[in-house]
Amino acid sequence: MREAIREAMREEMLRDQRVFLMGEDIGAYGGSYACTRGLLDEFGPERVRDTPISESGIVGAGVGAALAGFIPMVEIMTINFSLVALDQIVNNASKLHYMSGGQVNVPLVLRMASGGGSQLGATHSHSLEGMFAHFPGLTVVCPAFPGDAKGLLKRSFREPNPVVFIEHTALYGARGEVPDDPEHLVEFGQASMVRSGTDVTLVGYSGSVHQCYRAADMLSAEHGLTADVIDLRTIRPLDMSTVVSSVRRTNRAVVVEDDWKFGGFAGEIAAQIMERAFDWLDAPVARVAGKDVPMPYNRNLEYAALPSEEDVVEAVLAML
Amino acid sequence: MSVGQAIPTTVGEPPDGDLQQQFLYEMLLIRRFEEKCAEMYTRGKIRGFLHLYTGEEACAVGAINALRADDKIVTHYRDHGHALARGVEPNRIMAELFARVGGTNEGRGGSMHIFDVSRNFLGGYAIVAGHMPIATGLGLAANLSGEDWAALCIFGDGGVGEGEFHEALNLAAIWKLPVVWFCENNGYGMGVPFDDSLANDVYKIAASYQMPSVRIDGMDVLEVYSATQLALAHVREGNGPYFIEALTYRYRGHSMADPELYRTKAEVEEYRKRDAIERLKRSMIADGLLDETNYQALVARVDAEVDEAVAFADASPEPGLHTLYDHITKEYEGDAE
Amino acid sequence: MREAIREAMREEMLRDQRVFLMGEDIGAYGGSYACTRGLLDEFGPERVRDTPISESGIVGAGVGAALAGFIPMVEIMTINFSLVALDQIVNNASKLHYMSGGQVNVPLVLRMASGGGSQLGATHSHSLEGMFAHFPGLTVVCPAFPGDAKGLLKRSFREPNPVVFIEHTALYGARGEVPDDPEHLVEFGQASMVRSGTDVTLVGYSGSVHQCYRAADMLSAEHGLTADVIDLRTIRPLDMSTVVSSVRRTNRAVVVEDDWKFGGFAGEIAAQIMERAFDWLDAPVARVAGKDVPMPYNRNLEYAALPSEEDVVEAVLAML
Amino acid sequence: MSVGQAIPTTVGEPPDGDLQQQFLYEMLLIRRFEEKCAEMYTRGKIRGFLHLYTGEEACAVGAINALRADDKIVTHYRDHGHALARGVEPNRIMAELFARVGGTNEGRGGSMHIFDVSRNFLGGYAIVAGHMPIATGLGLAANLSGEDWAALCIFGDGGVGEGEFHEALNLAAIWKLPVVWFCENNGYGMGVPFDDSLANDVYKIAASYQMPSVRIDGMDVLEVYSATQLALAHVREGNGPYFIEALTYRYRGHSMADPELYRTKAEVEEYRKRDAIERLKRSMIADGLLDETNYQALVARVDAEVDEAVAFADASPEPGLHTLYDHITKEYEGDAE
């Protein structure tokens, strides 16, 4: 995944001189998750800019450079640190096009690493994709596979509006096919059906797609059940058509996400499924998500706090 | 002029008679426009928060006239004066305040968010200090583009309390970006006196980032103009940012909703005696650049323009409900762009 | 409402010397919504502290003072400015008890004004109650009536954990009975049934309770239908028992909130109703909420962007 | 010692032989503890982010020994050294790193979040600069309580880029709060050299808030101790905050995950020559306060303590799954409290 992300940035920088990157430790250090390694050498410190630890400052600077015609990518080391920059994202990046009556636009790509599971404790294990998806004006991208990551990130650089591009730390090492084609773009708002079946629809994004996938394996191996597995790929825009038409076939759905369940984005998906497939539902839509607790450091507790494929299987069995 | 640290000493051209006329005209226009706004607010034509600029005209007019057309401006929510000084049509500003389609922002933005991209007026911002990092980004863009335009960032003394002040100044300083920071220190952030807000003078704190930093009389348009010229010359030459603290005063409350419990009428009267418009008028008369007749003609001209702005705004339709979802995002047109 | 809030603060300050207030313009100015007017004179500048414009600084200072045994109330002028202080709220206030293994606690009350409808434009019209409700460790209070506001705010000062107390700007002028009793406390997590009926359950909090109430009037006057109207009062903890038992009687529910619909808190409530009253539902739970658009300044557009009682009525009629 | 502005000149008591022994012991304990942590991390006993303090021991030991028991400390995530210097048991810190119930935080917090409220050690904080406003609040509490305890806030040079640095310092300065700001400037924020991060020296920026501000040698424990004593005397007397920038160096990578692409081995070796432990050892021997035998005894003592910490940690059970929801909020007990 890491290489696919790097390749997308590299290709877009080669293609368009307006693209530049900035962030904490993206240069000499090579990026805290090594996504930008090598780019400083190739493009130099003007276009691969190391910054002080000033998230609000650099996101705002990205907005400013975007207003002046550049296409900045600002890397926020992890989603946890986006909280100190949230005002810039919400009150500036997402709203300037609207508030100016369409006069300006903000082609800004914000990349950030997300997710728990590495025993980093409560301040460093957030999954806040859903929080960003709540704000009109933002596009929120959450790839689950390297090929999609590349195509979606390249597409993000073409977007005239701000894109929040969220990478799950557990997936950086993930392998998969990645098209070489420098025009391989994946469109926003198009979910992908990564597996199909008849008994239940499993819906995920980012890391949780893999839990859905493994749960589907377990369901078929251990219980003779087959599942549609839907990878949303972007959660704003959200491709509910794919979800709804699947649920109308399978009559059951489980939505899976890492984030806390209470007030999480799975509630939106569940509510929309109810709204649009009520008469087809044989059971309430289930949500399998993070437990409502600050992330513990202890490994067992952390494991218990995160949703697992077993939890998904259990939720499916409970609705039969 | 107090100086935070050594600054260049060459001064730009002193403004000639025509330019002084222009300053006077613009200050009068702003004064009259703001008074009309107050009236229109009372009559319910303008709504929401309305922060008037009366008393501070010399800042906008002096600073913005020093800019080139390709320089970019961002400012705070007390922004009518800045927009007018930048040449944004009064008609379109008033229409925006009336929330009409003929407004600068098609009625979406309102008083605190005036934009006019055709004049590189990149907006009024309503989150205190929230636009300061944007100015840093504009400076970065100027640098990356290799062009010699600059960014002017106008903000209030209250904004200096926010962390973004620090982040924005620091980034601009370490990257040597062409940003002129212009602090309108009107003595109050809402009702909190400046002296209770910051541990030192603004320009001294700014000087600690190793940029030239000066304190000027923000009620003297000629001083503001010349200080900003100096600042722009400095930043255009690649020397990094420059900081100006302009001491000024707002005659009205913070916004139309302000009960003004925190200051006395006497204090306001004291400042009115140093009125920037009166001062320029007097000096121009003394220098033979103006007489009472010209002056009255100017007043009549701005009166007419402001009346015309109200008429224009009133005649402009409200945006239709079908346009509610317009402008949330700019449409993607593939790689045509 | 304003007076009830002031009275609650005043009584708690008299009762407990550890209580103090700080915020921007809460002193000489009297508070931007006049909630603290008079308190500076009564308690002096040490306990009613005007601060510079430094939301992150003052919220963090509140956390620090709370750690040292005080009970600070920090007023964030409006919820819009909470975005620059969010990290302090989420990563410090809400998590320190947990992360320290229970060693410290943070008795901090954060008051903030919320809501649109005053033509303040996109940056100044947020309703982010649901965003706060997503974070474990926080209590989120959203009163709809003056008496509750007083009892809930007094209760907030007794709480050993951080409380986000959100006041709708449109309700500051609201009148209603306010108990004088200095021990009038309203418990968290207890919804109040402000009206009862049989045909539908209307669920709201803060300002939207009043839309529900007026919609119930319209339903009964114009359509001969009666409604349960539930005022949640706190959305974390969330009293779903009251909601679920109502829905099991009425078989229909509409959830109303000011915030944007997409990814909003109404999704949580709708999903929980589905989970717990699926077999009782005659129609999908409807959500009436803000339109997914940055708040426009223009009055007509703003009105169209906000949920109205007409919208509630329409949603009810559509589900019959 | 460079001085940002005039500071008091009376120095506290110079540390006597016993105290110097104590410093040496604590520095050795920290060094050995951290080395053991690295080993335990490699063996998978410690997980998550692990930021070691090796090289910086003189900062923690000098600064924290100047405190009284009722003074309060907040620090950043590189916090083992601070906790040990404050007397938190190595056993309980190691158990926390092993994520066991016997850990300071019952295994919830991990390396970056050590707390020990019984020692007024109010935590390690993992969001850069996020604890600085908390220190301001502690100072405010001290003031409001009328007591003369102080708050010590330790943070890195990288933290100075954040807006909260500015907000926290400014509030402490205008309210004259008893906070000692202690910046451990180890030359890097992760891989970014300090010189690329801030427009001026840290202590000069801090001095602009009109507080005494000094730069000291953070690899000399005696200088750190005496500077902190001065600072504490200043803040306890109600004079407001005090700023110390201690120049130091970390021998290891930023965290265990750091490939260290941004600096050379030679640079690290250069700093090792100035090692604080060696330095104190030499001067104590020169002053007749130590001989090689005592020294070896000290080393043996800390080795034993660290081994004992590992044994304790290993023997401590993991928290049970049924405790997952413990400690999310403190229980409300009516007005009993």
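In order of appearance the chains are A, B, C and D, and numbering begins at 1 in each one.
Criterion: a contact is a pair of C-beta atoms (placed from the backbone, for glycine too) under 8 Å apart; a residue touches a chain by one contact, two chains touch by 3 or more.
Everything quoted here is computed from the prediction, not taken from an experiment.
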Report summary line: Looking at Cα centroids only, farthest away from chain C lies chain D
Query raised in the report: How many angstrom between the C-alpha centroids of chain D and chain B?
Result: 45
Query raised in the report: Where the centres are mean C-alpha positions, what is the separation of chain C from chain D, in Å?
Result: 40
**Report entry** Rounded Å distance between chain A and chain D, as computed from the means of their C-alpha atoms
**Finding:** 36
Query - Residues of chain C touching at least two other chains - result: 51-52, 54, 56-57, 80, 83-84, 87, 91, 98-99, 121-123, 136-137, 292-294, 296
Query raised in the report: Which residue numbers or ranges of chain D touch two or more of the other chains?
Result: 105, 107-109, 113, 125, 127, 130, 161-164, 167, 170, 174, 196-198, 328
Requested in this report: Treating touching as the only link between chains, describe the layout with one word: line, ring, star, complete or other.
Outcome: complete
Query raised in the report: Can you name the residues of chain A that touch chain C in the complex?
Result: 56, 80, 83-84, 86-87, 90-91, 94-95, 98-99, 121-123, 130-131, 133-137, 236, 238, 260, 262-268, 270-271, 274-275, 278, 281, 283-287, 292-294, 296
Report summary line: Given the complex, residues on chain C that touch chain B span 24-25, 27-30, 32, 50-57, 80-81, 83-84, 118-124, 291-294, 296-301, 304-305
Report summary line: Within the complex, chain B is touched by chain D residues 161-167, 169-170, 173-174, 196-200, 204-205, 207-211
Query - Residues of chain C defined as touching chain D within the complex - result: 20, 46, 51-52, 54, 56-70, 72, 87-88, 91-92, 96-105, 136-137, 139, 158-161
Query raised in the report: Touching chain A in the complex: which residues of chain B?
Result: 72, 74, 103-109, 113, 115-117, 122-123, 125-127, 130-142, 144-145, 151, 163-164, 167-168, 170-171, 174, 326-332, 334-335, 337
